[in-house]
Amino acid sequence: MSRYSFLNDYSVGTHPRILQALTTLNMEQQEGYGNDMYSNYAKELIRERINNLNSAIYFTSGGTQANLIIVSSALRPHESVIATNMGHITTRETGAIEATGHKINVINKACGKLNENDIIRVLEAYNFGPHVVKPRMIYISNSTEIGSIYKKNELKKLYRFTQANNLYLFMDGARLGAGLMANDSDLTLGDIAKYTDVFTIGGTKNGALIGEAIVINNDELKKDFPFHLKQKGAMLAKGRLLGIQFQELFKDNLYFDLARHANTMAMKLANGIVKNNYKFLTNSSTNLIFPILPNKHIDLLEKDFIFYRWKKIDDDNTALRLVTSWATEENKVDDFISHLK
Amino acid sequence: MSRYSFLNDYSVGTHPRILQALTTLNMEQQEGYGNDMYSNYAKELIRERINNLNSAIYFTSGGTQANLIIVSSALRPHESVIATNMGHITTRETGAIEATGHKINVINKACGKLNENDIIRVLEAYNFGPHVVKPRMIYISNSTEIGSIYKKNELKKLYRFTQANNLYLFMDGARLGAGLMANDSDLTLGDIAKYTDVFTIGGTKNGALIGEAIVINNDELKKDFPFHLKQKGAMLAKGRLLGIQFQELFKDNLYFDLARHANTMAMKLANGIVKNNYKFLTNSSTNLIFPILPNKHIDLLEKDFIFYRWKKIDDDNTALRLVTSWATEENKVDDFISHLK
Amino acid sequence: MSRYSFLNDYSVGTHPRILQALTTLNMEQQEGYGNDMYSNYAKELIRERINNLNSAIYFTSGGTQANLIIVSSALRPHESVIATNMGHITTRETGAIEATGHKINVINKACGKLNENDIIRVLEAYNFGPHVVKPRMIYISNSTEIGSIYKKNELKKLYRFTQANNLYLFMDGARLGAGLMANDSDLTLGDIAKYTDVFTIGGTKNGALIGEAIVINNDELKKDFPFHLKQKGAMLAKGRLLGIQFQELFKDNLYFDLARHANTMAMKLANGIVKNNYKFLTNSSTNLIFPILPNKHIDLLEKDFIFYRWKKIDDDNTALRLVTSWATEENKVDDFISHLK
Amino acid sequence: MSRYSFLNDYSVGTHPRILQALTTLNMEQQEGYGNDMYSNYAKELIRERINNLNSAIYFTSGGTQANLIIVSSALRPHESVIATNMGHITTRETGAIEATGHKINVINKACGKLNENDIIRVLEAYNFGPHVVKPRMIYISNSTEIGSIYKKNELKKLYRFTQANNLYLFMDGARLGAGLMANDSDLTLGDIAKYTDVFTIGGTKNGALIGEAIVINNDELKKDFPFHLKQKGAMLAKGRLLGIQFQELFKDNLYFDLARHANTMAMKLANGIVKNNYKFLTNSSTNLIFPILPNKHIDLLEKDFIFYRWKKIDDDNTALRLVTSWATEENKVDDFISHLK
């Protein structure tokens, strides 16, 4: 690729420290299937960081895999999961949830987030069982698929509501780093462990080669979880690959530093775009931004950059999706902005 | 681990050349989801090696994942797969095949291999549809779960039988390298592409960090295959991780050299055991051997080595499973043998 | 029930001629599993009536069962079915379709019907496989869940569109009798066989004790269909129960006469309601009507009649659902209307 | 059929009293989906008869349907059900259990019955989770698929074992009447309710038009059960059809009288065969018997009777399966025996 890519946050390999760790530990013999010492240590590190020594932690190679295992292991056959129309499980996973037998109850929300009133409306609409499915889990993303984030108070209220209504709250953290490191975020990893039943910590989109951590806080959801990992093909013989990466990401602040860089680059891009008097399709304080630009400018930008044309706004303007990552080079951001002028 | 492990062929990391390639290519921006240039090149290399430019090739992170996607993408809901009682899908995958809705028709075979007469017996027993499932795919492993291998003539006859009977032949190649490099093997990769509908080339157990290649030779099985990968959580955003590894394994003879080493170490172990007048549970010319040793010797061996106690033979003797790999150190093999004396 | 019920079209038993036939043929020994002579004869009668001797016909005991078998037997795991938000499979079957692994792509349509433009929009939105499911089947109902019907020209255009776009068209005929017998219907059973890939003929809601006929017109969908019936628990040992009923319904015009009566009673009800100057939530020419009445009148009506309060219109008015059937007594209709005054 | 059939116990319609009840109650308006007064009353009658007022009872139209719903509603995705190689779910239901995602752990037993030692062997073989499924339910049949029965002591011991090992015990009672009415049976319906977690009472093979009762004794298995019925297409809109039949069968001793007649006819057949010095493949005291006859006699018998040739014994002899029912005519039994001479 000779053009610089703002397509996504997974276009390069991994942070050099991770490659270094893989190299250093390469020839140590270890047990298989996630019982290696690196995986165990990485779990300890995360448990300390979330301030919950009772959480059960597992690593998977991808996000769709993590999502489908979490949902299918938690629900009985007649139970469903509520998500927004933008939810990754709703739109980008080729029916992975339905393939395990479960309906997704979709709520249209332009902001990409759910609140307790949204859930109430679904519960009322589904109040005539056994002729309809029984909503049992709430799926949210942080940051969301359009870059928005949950505030601590929002998450807390949502969790209390789910607790009071016999619902599980599941936060997809494929971009959890970006969500937590947003300037306007008041959430900590500990808050998320406190106010969800289960969540994921995305590695793939935040500097790992591959890998997501599944963190289960609710005892009910822990039971026999490894069976589900194995059955769905997610238990790697060489679990060490995932353990080493998460060990490296969490033995200090690397995970957070990488996410902060991605956000900083996105905000720099956004500021440059604002200064050129362009608007945005959504509010984002994270590493996904959606500027609305004139098509003729976009044509020119595409000579040097790659990105998604996200949505046609009118005949002359289109909203783009620009994504930054831990690896985004600041001078490329500067280039993009100077091209705008 | 202070003791040396003959537990399995996935106890260390990866061949240094793979780490080197990952490092060299690390910061190149690439497309996601397996559309990176490394994956494309790796596929080309494999197509050349199997001498079939029409085969469709995909990479997954693990063997259970590959197996369940191959089976579930190929079969209609009422169709089943035939396998031996030792088949990995039968016994070691937590019902992964059944979880996709399909029955496994199990054939008890001490040798771990299937022939056309075995299949005929199942077809006759299942000749009263629609009250029973319809066997449609044959699952075989090479090398098998007990180290045995298929000869060219056996595979050819089996494939011709399946062709004539509207059955798909699927070879699980989790240990394909060891199978092909066995001293008594007369099969080539090209033969396997010619005499199967679909097979896998295992990386995890032959020097990769993780990864299996799925090779689809039958056009019927190619249709929409990427949808199934995605739906089952197997399509990695950073498909480059798999592409780089297989590129490295197949750009010269690395894949085969690694397997040959594993076999050589196993044969050296076996010879040493024979010389000490012990027998074996099964015939194996590959990297899994099953010597029968006195329990009191085993107790002593366990002070310095790790391995599975596979099967109790009588009150005084037990069959072990010893596994060698691309990384097995020859001096450890020597140590093991000298302990035997 | 001392109050007269307009709740649904399945509140009483079966047409007396069906009971008579069951009694007459009761002690004849017959083959099981739908191979009895009554089932065979009933299939012949239906094939003649639809003017397609090549259609494959099967009987099931219920509509949800028929729907889930038709969809799951036709689709591969990554394929989905398009339906309206009112579709029975969307809202009233406890996730039966998803439980077989398939997503429903929902289109919101106040009229309860789909046209080719609706489908085009879904196909465009799902034009980025393999990251999304692949829509493959269109589910429509006739008459619909709100009493509306398809005109011949509408069905023909829809079918031509699906033919041109490699989609299957499936018509749920749980209320097919009412749909065909509507005063404004220009469709015949033959048209439906000509312009769908598969459809059902509902018995349960049109005078049978239980039973739906599945009529498969597309050869692709016929293959091994009985296996799917059996696997999903739909193949009755005493298939004769279904065969005798459909034989009786189709050996003359009974099926159509019963539907016509249901419609006539609904139209009489509707006319009486119109004359009292009330409006309707939807246009219906079939046996489901949705009048909007003042709550205080509804309270009084409920002393003598049972029906659903379908939808709150405002603080003072509610839309009811009134359903007539083959068994609705005309004097009860008269009573209802006179209560209105 | 001009020849008399001993093929199965579902070749004719239903006991005349059931037809009479259907006729008498035909025009009464009732609620749908099993909430009719007949279903409620039938459930009360069964609860009294089993001496357990807390059992939850549901009716389905067929046995495969009942089996798949019971198993899939009880098990989590990684759990399996243990059955014999003769179990109806193992061999005669087109993979219905696997289609809901669950493996069947098969135990080969010539007697068709399971005991605690059989289960122990499976539990030991499956003692290396998470790499294998977790056996959670035991499936037994009474009478079995080869006509054998459980004695009270056997059932009690098996139930105590399952209770002690966190396993569910499920008895398929498709032929429960025949099992209970066997001369050598010391079981009562009450015993079965006491010593199983869930069982079925078969109507189809004992005089009903169609219908099986599901009786759930374990509270864990009761939760949300109707959702599963609905999702799998088993909740009939006209549940009255099933309610009326079971009301009639259990309002006095009809259910038991019909089964006793079937057994009596089978024992008469068996005695006649014994007197002619022929042997049997299995011991049966119920309505399925498996005499071994010379092929030349069988050829002659087939001119006047229909039955299954069950199993080739040697070149000259074959085991037949002869089935009697509530409707078997004694003079036809006499005819069969006189043909033997």
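Structural remarks
Just so it is clear, A, B, C and D label the chains in written order, and each chain counts residues from 1 on its own.
To be clear about the criterion, contacts are C-beta pairs under 8 Å (C-beta built on N, C-alpha and C of every residue); 3 or more make two chains touch, one makes a residue touch a chain.
Please read these numbers as outputs of a predicted model, since none were measured by experiment.
The chains in contact with chain C and with chain D alike are A, B.
Each of A-B and A-C has its own count of C-beta contacts, and the greater count is at A-B. Of all chains, the one whose Cα centroid sits at the greatest distance from that of chain A is D.
Averaging Cα coordinates per chain places chain B and chain C 50 Å apart.
Separating the centre of chain A from that of chain C, both taken as means of CA atoms, is a distance of 43 Å.
We define each chain's centre as the mean of its Cα atoms; on that basis chain A and chain B are separated by 33 Å.
Listed for chain B are residues 77-78, 93-95, 99-101, 129-131, 133, 227, 230-231, 235, each touching two or more other chains. Residues 1, 4-5, 7-8, 10-14, 16, 19, 22-23, 25-32, 60-69, 93-96, 99, 204-205, 209-210, 227, 230-238, 240-241, 327 of chain A are the ones that touch chain B when the two sit in their complex.
Within the complex formed with chain D, the residues of chain B that make contact are 77-78, 80, 91-95, 98-103, 106, 129-133.
Contacts from chain C toward chain B in the complex involve residues 33, 72-73, 76-78, 100-101, 129-131, 133-134, 224, 226-231, 235.
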